[in-house]
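Multiple structures are listed underneath, in structure tokens.
In the two complexes that follow, chain A is the common piece, with chain B as its partner first and chain C second.
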Partner chain A sequence: MATYQKIASVSVGSGGSAQMVFSSIPATFSDLIIHVSARNTYAGIADDILLDFNGTTTNRTSRYLYGNGASTLSVSVGRGIGLQVSNTAPANLFGVGKIQITQYAGSNYKSISAFTVTENSAATAYAVATSAIWSSTAAITSIEMTPSTGTFMEHSSADLYGIKNS
Partner chain B sequence: MSDVLTKVVVDCSTGESQVLPLTPEEIAQREADAIAFAAAEAERQAQVDALAALKASAKAKLVAGEPLTAEEADTLVL
Partner chain C sequence: MAITYEVIASQTLGSDTQFITFSSIPQTYTDIVLITDGISQPAGGGSVFVKVNGDTAATNYSSVYMFGSGSSVSGGTGDGFPANRHNATALNGGTGHAHFMNYSNTTTYKTVVSHGGGDNISILFASTWRSTAAITSMRLQMESGPGFLTGFKATLFGIKAA
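Up next is the complex of A and B:
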């Protein structure tokens, strides 16, 4: 039977942060799950969260399928993994999402799926389904999350879980 | 907010959390990411606007009984 185990949590304090990082990730699980809640300083409604591994920004590709209630779009986004709420949205609102990384410690390329949503108490809220890949055979030992513009605001957070199969 | 850009790093082996300054390379990457995002966002918005315009035109033509272009028809046909 598969089990979830919480590995670590990261949260942003007052003053904000340019990045949230999980380092020294143990190789004892099958897959990883990240639950993220984020808001950033970009002067817009929503912004990408970039997801990278082991301190590199190469060999990452992603595709969004996203909708905002009025239109849908499929687009290639490089290192993006989903959207977060940005700073023209009403105060105290954060985007939330779930990111799954399969076979993260194995020697194949790493497949990643994600679902993120934003909210701004108005018509333009986004729901994004992401399929992504890290084209590297290295085991993932660290995960870096970065806003593509600005910095994460206070109370942004992420929880990292490991899944063990049996 | 401090002028020094920092990152929060959690060591999963110990649970310890640290706030560390970004390296010059990381700062340069941030600047490149911001430029790339601006371009990508403009392209995405252009695609959304173009699709909305096509759909509006297609709907108006349908109501008026006028022929649709192939692009307009693509917005309606699954």
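Up next is the complex of A and C:
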């Protein structure tokens, strides 16, 4: 069996969506990886993607390390996992990112690392390295991604992969 | 379909240990990826340093790093070969992802790019081992302190380019 397996995909249709959700995640892998491409309706250049687990919005903390082409900054952002392109950016551009959750079915708090970028060729863009945790000892059975503002726009998508370590 | 991302070896510690070693690394991949997760010492957190092929000469390693604490940014250089970073907090050790590019070639120095941290830091490393030898083994150790605690997991993956 392959080490790196696709579990599920989500794609946003016309009309947009309030969330992208993966549910009924099997506990048979070691780690999870999400590849995401997203744009939301927020009237700005970029906006946070909020990442939550098992239907809860608590016990999430994150640290962003990011650059915008002019300076480097670090912020604490709670539920955020990175940035997506938002709706005043040029059309047809989406932010992309990779989110890795190690030992998602284990009994420690869940550690997460992520890279997201919002290059948009016209205005301020961001590259974000995020370290985060979900302070819960429960196994992750569902993942919810939510725009900080507004909704995900059509053609936003995410793929969930499971990684086996044996 | 060819398998391009494979587990080479994985270790989950049953007791506290100072070193984690991967030996006899096959030379059949293009890149190798080290994923670590768990709790380490010293208290306050630290970086995972990698010694390659038994080479302990500090002058053969160099790195540049930058990190954010959630309120400030800092960076610097060092003479280690850091791969990831972990904490000593119960239940909350952090995770790390280190990518060793073209590890088996015998013409260039070896470079690793990595990202790690937990809920108190996000850190990026770019590091070099100044040797043209292929990487055949690696030993992980914390930059200071006794090491890795029970339950710490380290997995080495191989990535094929064809």
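Quick note on the criterion: the second predicted complex is superposed on the first by the 163 of 166 C-alpha atoms of A that agree within 3 Å, B and C clash if a C-alpha of one lies under 4 Å from a C-alpha of the other, contacts with A are read in each partner's own complex, and residues count from 1 in each chain.
Everything below uses one rule, namely that a contact is a pair of C-beta atoms (placed from the backbone, for glycine too) under 8 Å apart; a residue touches a chain by one contact, two chains touch by 3 or more.
Computed from a prediction, not measured in an experiment: that's the story for all the values here.
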Which superposed partner A:Asn87 touches (first chain B, second chain C, both, neither): neither
First (chain B), second (chain C), both or neither touched by A:Tyr4: second
Which of chain B and chain C A:Thr102 touches, first, second, both or neither: second
Touching partner for A:Asn59 - first (chain B), second (chain C), both, neither: neither
Which of chain B and chain C A:Ser37 touches, first, second, both or neither: neither
Chain B versus chain C as contact partner of A:Val75, first or second or both or neither: both
First (chain B), second (chain C), both or neither touched by A:Phe22: first
Which of chain B and chain C A:Lys164 touches, first, second, both or neither: second
Set of chain A residues, in rising order, touched by both chain B and chain C: 73, 75
Chain A partner contacts - residues on chain B that touch it in the complex: 1-2, 5-15, 17, 19, 22, 26, 29-30, 33-34, 36-38, 40-41, 43-44, 47-48, 51-52
Chain A-touching residues of chain C, taken from the complex the two chains share: 3-7, 10, 35-39, 66-73, 91-97, 115-124, 151, 153, 155, 157
Contacting residues of chain A [partner chain C, same complex]: 2-4, 30-31, 61-66, 72-76, 100, 102-103, 108-109, 111-113, 115, 129-133, 135, 137, 163-166
Contact footprint of chain B on chain A as seen in their complex: 7-13, 15-26, 44, 47-48, 50, 57, 68, 70-71, 73, 75, 77-79, 144, 146, 148-151, 160
